[in-house]
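What follows is chain A paired twice: with chain B in the first complex and chain C in the second.
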Partner chain A sequence: MTAWIDASCILIVFFALAMLATHRLIGVIQLFAAQAFVLGFVPFFLHAHDLSGRDITLALGTLVLKAGLVPYILFWAIRRVSMRSEIKPIIGVGASLIFGALLIAGAFWVSLSLKLPGKPLSDLILPCSLATVLLGFMIMVTRTLAVAQVLGYLMMENGIFLFGLSLFDAMPVIMEMGILLDIFVAVFIMAIVVNHINEAFERSPGSNRGKMGESG
Partner chain B sequence: MILPALIFVPFTGALLAFLPLKNAARCFLFLAVALVHAGLVASCWRQLPAAQFDGALVLDPLGLIMLSIDTFLFLSLAVYMIGYFEHEQRNNRNFMACLLFVLSAMSVVAMSYHMGLLWVSVETTTLLSAPLISFHRTPQSLEATWKYLLICSVGIALALLGTFFLAIAAHDVHTLLLPSLLNGAPLLLVNWLKLSVIFLFVGYGCKMGLAPTHSWKPEAYGQATGMVVVVMAGALTQCAFLALLRVSQICHKTGLTEFYGSILILSAVLSLIVPALFVLGEKNIKRAFAYSSIEHMGLLVLGLGLGGAGVFGALFHMINNALAKVIMFFTAGSIAQKYGSARVGDVRGVLHVYPVTGVFLIVGFLAGTGMFPFATFHSELMILNAAITSKHYVLAVVVVACLALVFVGIGRIILEAAQGEASAPVLEKKENIFMNTAIGLGAAGLFVLGVWLPVPLERVIRAAAALVGA
Partner chain C sequence: MLMMVFDVCSHGLLVLVLAPLFVGVIARVKARFAGRTGPSLLQPFFDLRRLFFKNSVYSRTTTWVFRAAPLVVFAAMLALSLLVPLGISRAPAAFTGDILWLAAMLGLARFFMITAALDTGFSMEGMGASREAFFACLGELALFMNFITLALLAHGFSLSGMIGVDAPLSWEHAGPALLLVAASLFIVLLAENCRIPVDDPDTHLELTMIHEVMILEHSGIDLAYMLYGAAVKLLLFAAILVPLVIPFRTGYPPVDMGIFLGGVTGMAVLVGVVESVMARLRLNRVRNFLLIAFVLAFFAFIVGLWRM
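Showing the complex of A and B:
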């Protein structure tokens, strides 16, 4: 099953990189959903021989919340808001891809010196999750659109969660579900705030509309 | 059954707040919940209740201090808001529900003995407090909400990574329950633990508003109503400090006290210098108080970092800081409602128009900057004393200089707002008895603690400091 885990890890980083290179907001949300979908299958691959209730709960939770409800809420947010759907990054696509590649290389280099205790199922989990966290962080700081920043944050969470999935004995399943639920609530509240930001600026026509979806 | 009750009473109250009620009725619902919560906490002072949920929920002296702070703040808030909502037309349904959910989540923070549960509950408090900031839905307040939400979410995400690193370090312990971690300290993998400590510190430090991740604080505190800021500055940020105290417990058992202490002291110095520089140019009373809050967080972290007597000082300062915030931000909020602004210039001559509020403004300034006879003076002195006895002389000088600068910076605008020719307020020229009672409660508490430290309180603080190894 190690081959499947490795493939999932690589796909997750690949989607992260694709999100960095995508201009249209809808495309980024779709890529995020795809990434979360792959993430949802990782618990199955990790313990393919003796599937427990924990794995099934986690996989279902991830699939329903992250690959289903979260993208749905984000679509709702951008539809209601009728915001510019083009992402204007601070740095161009070419530069951000090169920088992203450097971050991935950095993540692999750092994880060489970090040795996981016990016998890890795959050597790719640690570097890939670090790379996803770093790429998510990069999206957060280089995008000016509020929804794009939320997506960067979610990608960071995906990276952290990929890492957390491999720690099955220290984290009881109820905690992991709590973490998932928290992320869901985070997106819900962020979407509502994005909505309020727009309403507030539509009410006051004198204000600079360029600032509305963007925030500091 | 006391521990689950502490969580479920405010939770039920929050659900009840969604019923179609009048604003005033929700205020009384809030008061009722706060009273029941306070009663439950008072019963914990007689005897610490038994652990629940396989040891995931335990109330120890550290948690008891935090829980008592929470419940006191909410009780004074319940009194204050009766006065506030006399002049507020906006429906307070979501506002009340979020506040009560936050109280419920903060109760979990205070008694969670599992590092994963601690993270989940701290994150919940962050998320549910965000909508509170933009109660008035002005563009500026929404921007502040966004900043708070984003900075704190990223910070807390790093804390989650830190929690997972801790889980790796605890590979041979197989759990993140605090007692097991402390008992199995020799089994922890030190390299992963160090990495985990750094991430946990950065994450929870973000939530505390320590420099250099403090930038959400002046915005959020400047825009939110005084009630919300009291909860944020007095309780939420200190919940994050409780998380740092838990990390400190682990570091103490694994011999990482010095490693952790040096991180804490470095961050504390930054958090003292930044407000000292920025408060001097500030014109807004609430924003100026926000800088004072960064400074107080710096003092807490400094006390913990110095260890020994500093820990006692920091724990005592937690209580005093919460009480000082009650006076400062309730008064600032009351002024902001009366004048429609908290900027000096719009607000002048408060002493002439509202004598009681004006006096409280000056009291808040003195209490917040740590002047005698308020208890903040004693706790700041204890922390300073710890710096001197541990031979950190340069540090002590820096601390005193920063405290003096903040005193000058805040004193300048507070005295300008309190005295001088009166500017015209928006509301009628009448003092509000509920608001002043709530502020008076905080002021009385801080004054009493300043002249007399009750024996049971001292005993609990000593027991709590012993947990951190002081």
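Showing the complex of A and C:
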């Protein structure tokens, strides 16, 4: 099972990198859904020998909420406000990819000296979760589009979830579900906020100024 | 000595037979996707035979560079093929550090192709040459990063030590890194051979072409050498990638050869599928596409170091 956990960890970081490199908002949401989908299977792989109700709840909760509902809400939000589909990052995609590579290297370097209690099944979980958190943070600070920032935040949370999984036995399931619910509510609220921002943009001072210039 | 000559000949023959077939499989897959029956798998052979019997036409602005380029490209690809093991056929000329030689041969072929394109004095060819040079730089970066990772995993600097029949890398030991290397090398394969997300081999619009525009002025037997060289290059990249994806060996030579040939066919089908379902990338995004290949290779390198 360790091989499957390894592959999942690599795929999660791979999707994070792909999100960093994608120009289109729809593509980023799809990649996020794919990442959450892979993440949902990790609890199964972690306790393949003795699956408990807790694992199944956690996996199903992740799959339904993060891979299903959250992307659905985000799709709904961008369709509703007919937002521009191009993500315009503050720093270019090429530069952010190089930074992303450095962040991954940093995450692995930090993990070298991070000693956690317990023995995780795969030694890749910790560095990959840190890398996902950092890449999510990177997306959050370099994107100008609100939905893209939401996605960065969600990706960060994916990383934290993976991190939590490595400490799974020490973490009560209620807490995990609490985090999931938090995220769900956060996306819901952000969808509403995004709506408002977009409606506000339509009457933004910028567009008014254009009209005034014409009349003046 | 005789044995060596035999090895080289059989290896070369295998390459020369498989390369056009590989192109034929891709064309067939693309035709099927478009709802057509498609040409015969042997069609590339017929095309090459037709071109080999034709004379070349040379523009008055061209010099000997233009005439030498097709032969140099073809010869460089053949020299390169001697380093790449094909299934049970061991690389006849493997030596420590041959990954550098491999990159050098690729560079030599590219240098002559670019110079020949510039030699024609045709502005479109110049544009193609400029693009080829730029993308090749980025592609080479990713290629070398992959080779470094593979050298780290295989504890050796010979391509045969990484993907050869005797010492395959095992997925159990190096799985995560190999996953990334395979993904990265596949992107490099598409870019180096000018397949669809980077360049469309079927388009004949000068403004968007990369590889095709550079061989526009070549005709007859020269064009045949260029096309054959490109086919061999594509096959060799697939031959490097397949043993990484399917690293197990049964120990029975015919079965191993069958697995290898199946893998190569699968790779051709995969390239065909990618070409059918993807659109060309905008030219200024090809850079990012290749950067992804580099970052994946870099990630693989870190994972490889981590697991050492």
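Criterion: the second predicted complex is superposed on the first by the 201 of 216 C-alpha atoms of A that agree within 3 Å, B and C clash if a C-alpha of one lies under 4 Å from a C-alpha of the other, contacts with A are read in each partner's own complex, and residues count from 1 in each chain.
Convention: a contact is a pair of C-beta atoms (placed from the backbone, for glycine too) under 8 Å apart; a residue touches a chain by one contact, two chains touch by 3 or more.
Worth saying up front: this structure is predicted, and the values here are computed from it rather than measured.
Chemist: Determine, for the superposed arrangement built on chain A, whether chain B and chain C clash or fit.
Modeler: fit
Chemist: With the two structures laid over each other on chain A, which partner does A:29 touch: chain B (first), chain C (second), both, or neither?
Modeler: neither
Chemist: On the A-aligned overlay, A:116 touches which partner chain: chain B = first, chain C = second, or both, or neither?
Modeler: first
Chemist: So, does A:21 touch the first partner chain B, the second partner chain C, both, or neither?
Modeler: A:21: touches chain C, not chain B.
Chemist: One more residue to check, A:133. First (chain B), second (chain C), both or neither?
Modeler: First partner only, chain B.
Chemist: For A:12, is the partner it touches chain B (first), chain C (second), both, or none of the two (neither)?
Modeler: The answer is neither, since A:12 touches no partner chain.
Chemist: Return first, second, both or neither, reflecting whether A:190 touches chain B, chain C, both chains, or no partner chain.
Modeler: first
Chemist: Mind telling me which of the two, chain B or chain C, contacts the most residues of chain A?
Modeler: Between chain B and chain C, B touches the greater number of residues in chain A.
Chemist: In the overlaid three-chain picture, which partner chain does A:147 touch, first (chain B) or second (chain C), both, or neither?
Modeler: Touch status of A:147: no partner.
Chemist: Just to confirm the geometry: in the superposition, how small does the C-alpha gap between chain B and chain C get, in angstrom?
Modeler: Closest C-alpha pair between chain B and chain C: 21 Å.
Chemist: Would you tell me the residues on chain A in contact with chain B in one complex that are also in contact with chain C in the other?
Modeler: In the superposed arrangement, which is not itself an observed complex, chain A uses no residue for both chain B and chain C.
Chemist: Considering only the defined contacts, which chain B positions touch chain A in the complex?
Modeler: 114, 116-117, 119-120, 123-124, 127-128, 130-131, 134, 137-139, 142-143, 145-147, 149-150, 153-154, 157, 160-161, 164, 167-168, 170-176, 189, 191-192, 195
Chemist: Given the complex with chain A, which residues does chain C contribute to the contact?
Modeler: Touch list, chain C to chain A: 171-172, 175-176, 179-180, 183, 285, 287-288, 291-292, 294-296, 298-299, 302-303, 305-307.
Chemist: Where on chain A does chain C make contact in their complex?
Modeler: Going by the criterion above, the answer is residues 3, 6-7, 9-10, 13-14, 17-18, 21, 23, 93-94, 97-98, 100-101, 104-105, 108, 123-124, 127.
Chemist: Provide the residue numbers of chain A that touch chain B in the complex, in ascending order.
Modeler: Interface residues on the chain A side: 114, 116-118, 133, 137, 140, 146, 149, 153, 156-157, 160, 163-164, 167, 169-172, 175, 178-179, 182, 185-186, 189-190, 192-193, 196-197, 199-201, 204, 207, 215-216.
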